[in-house]
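Labels A, B and C are assigned to the chains in the order they are written; within every chain, residues are numbered from 1.
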């Protein structure tokens, strides 16, 4: 694990001038692509919210609402305007970062997002830390000890991770560790009687440290552990699997044989030659894992009553709160795209052959 | 004399197919050698059998309520216990397998079909067609799968049919990319050039030649994805965006049991175990298939 | 001539789904000091497996099951892994067939050469002495502008340049023996000549022995002094290149030489009848006997021992018993 971190640090230190140009061009191209894709995302979200639903008002108010109320609502939501007009309004709104007002909470959606997103972010970051460290370590150990005890254990552990539904694992752990054993606290980010730290980043752990509020830090950590582990378990499995496959592939390559022929010992061969190459697909998977974290977050937050963006959106879907649905989904797509962009850049950075 | 020619013909046939037969023998060897793959295959087989013979295996009607029997723990009468409506959980789990298979088959066909067509068109025609189709694929890929499926399911109204459509609308992208890569590769083979030189029309080439060659990798991917399809469907069911009650969909069943989790743990647990086992089976099988087909891992 | 490496009765097998492949069936030959030895044979005859066995780079599902590889008085097969690593670092170097695949794609070539020195001399890779040695060897292999060459990645080089890098990497440690496994098979014909020439020049300057593995008789004829002919996991004939080409003794060697078409002559291409044997169920006795026009009764029963028929000329054939 610390080997992997060491390598990443080495790689960053290896940056000479010649690399930069190719990398810069690549980054610019990717950014432009992302903007184009995001526009498409806007269109898709609009279609989903406005074109597909047969009768949004009926769904909101029930079938027997009096016509005047229906018309009133229609006007309020702007649904009496023609489709093209609504699209333009929508785009204009997005560019102003005005995503409408939630029908459920009656707050501007942007405000709701700002309130709820940090909780999801904190969960996702913790889950990522768990999955990356555990995953790379398990995957490497597996590949190096192929088909021996460690490998079998790791593979079973990993494959269970990608097979068990996230919400079920969460419920099970809640049942065991909270309801039956009482070792870990229940739903929510903090116990009710703890004073939350002043909001700086919205991440409770960070804010507690900034304020020096150790009670909040500990309590927050305890609340965070279970959902983060549940969320990260699937990721651990994916990362371990890919690291193992990628490492096995690398160990088979000619350049590994060359390294051995030069007299390097096994540790060095793995560290200097195999791992660096093996991590390349792993980095992509970490990016993909982050995406699955975002969707896993939706389920995990529901199970653990975690006040994050996932739960906000789910509640929105259940009552057809269109502004919330559109805004929330859009936001998630934005974050996901940025994450993918970072992964692509990282990939090009690590593998000089990719800087086309 | 006729006997001779027949046995000679058979011999020639076997000889000419020898590389293929050797290949299959090797595949069978690899399959036998990997215990995990075999376990996966049997689990999947088991699952399919249960789904087919559900009415004969399930002791009770999955949607029949019996309020005198509500919230019973697992017993010899009700193997998995009963839920808050007195329905037998074991029967519901058994019938749930039918729903799961139904979802897998339909989603695979629809998403595989759409994806392959789009991918082949993009790969074969290249140029602006390729660019446009690939950008559209990127746009769909900009959403995490579950989130997009949720959006579609919610907009269309939660139901089993809409779940299938929603998931298909999300998963076609994988097959599109794959089919495109294959089409690109095949496009430049001499075989296709020869076809073109003979004057075959583009559509003829695509449907009779390119498409069939793309099917094989797509099929492999379809198998690999089956576990994920179940998980996504279960996720939608859990959130209430999937099949509606009283349909015994596994994800929805887990959600049903949430309020009774502490004292009646069986309502949520058994459907969850069913999901885990089936997905595990598909994953093991998929891993095995992938290992077997990987030319670098074959010995 | 002094012996540098003595391979005796080397047996290596591979476990596969079809059974056990008996790749090396008792291979024996010597490499002398300042030798330029060619190891020739068809694909699958075991020449690469031999060199990998010498370096002890054979891995699962392969294993070396018998024999000895005595290098400067020590049996390499009996050394511990650490001691063998030292041998690989300082004493014996090996270069491979496809240079661009044999080099690590994400590391600069300068680093990879420096690594070889650093491992051999136990110096830090970034140290001045190591850097100087790298520049020195780059010049020696004929690569211009060493300062910018060390910054390049393998995919930025042509095949010939990459192979020069590999040669540099192999010779920078001034080993006693250089094993080159098909060093030119992946290169253009014109580059092939340059590379072989370079290898020959450098090793003679350094006093290094060289073992060139190839399937190309032309290469052997042009560059090598001695040659080992291998067939299906056994040594068929060993001797000086001139002698072997003028008076081949083993029927297989004769067949090989006859098979090379001579420009200016007419007539059918000469082949050796039959096909290369299956090494899971190899022919009994002498593995060549099914294809041999001079096979005796004993050939299908006993493996012929290697005999020195004239000084420096060895054959493994019952015809010369």
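Odds and ends about this structure:
One rule holds for everything that comes next: a contact is a pair of C-beta atoms (placed from the backbone, for glycine too) under 8 Å apart; a residue touches a chain by one contact, two chains touch by 3 or more.
Here the structure is a predicted model, which means the values were calculated and not measured.
When chain pairs are compared by contacting C-beta pairs, A-B ranks highest.
Farthest chain from chain B, judged by C-alpha centroids: C.
Chain A and chain C, compared by their mean Cα positions, are separated by 52 Å. Note: centroid distance chain A to chain B, computed from Cα atoms, is 25 Å. The mean-CA centres of chain B and chain C are about 50 angstrom from one another, to the nearest whole unit. Within the complex formed with chain A, the chain B residues making contact are 36, 135-136, 138-140, 142-148, 150-157, 227, 231, 234-235, 238-241, 251, 254-255, 258, 261-262, 265, 268-269, 272, 275-277, 279-280, 283-284, 287, 296-297.
On chain A, the positions that touch chain B within their shared complex are 33, 36-38, 40-41, 43-45, 48-49, 52-54, 59, 155, 159-160, 162-168, 171-172, 174-175, 179, 241, 248-249, 252, 291-292, 294-296, 298-299, 302, 313-314, 317-318, 320, 325, 329, 332-333, 336-337, 340. On the chain C side of its complex with chain A, the touching residues are 55, 57, 81-82, 85-90, 93-94, 96, 98, 101-107, 115-116, 119-120, 151, 153, 155, 166, 169.
Interface residues of chain A facing chain C in the complex, by the touch rule stated above, are 16, 18, 253-255, 257-265, 272-273, 276-277, 280, 350-353.
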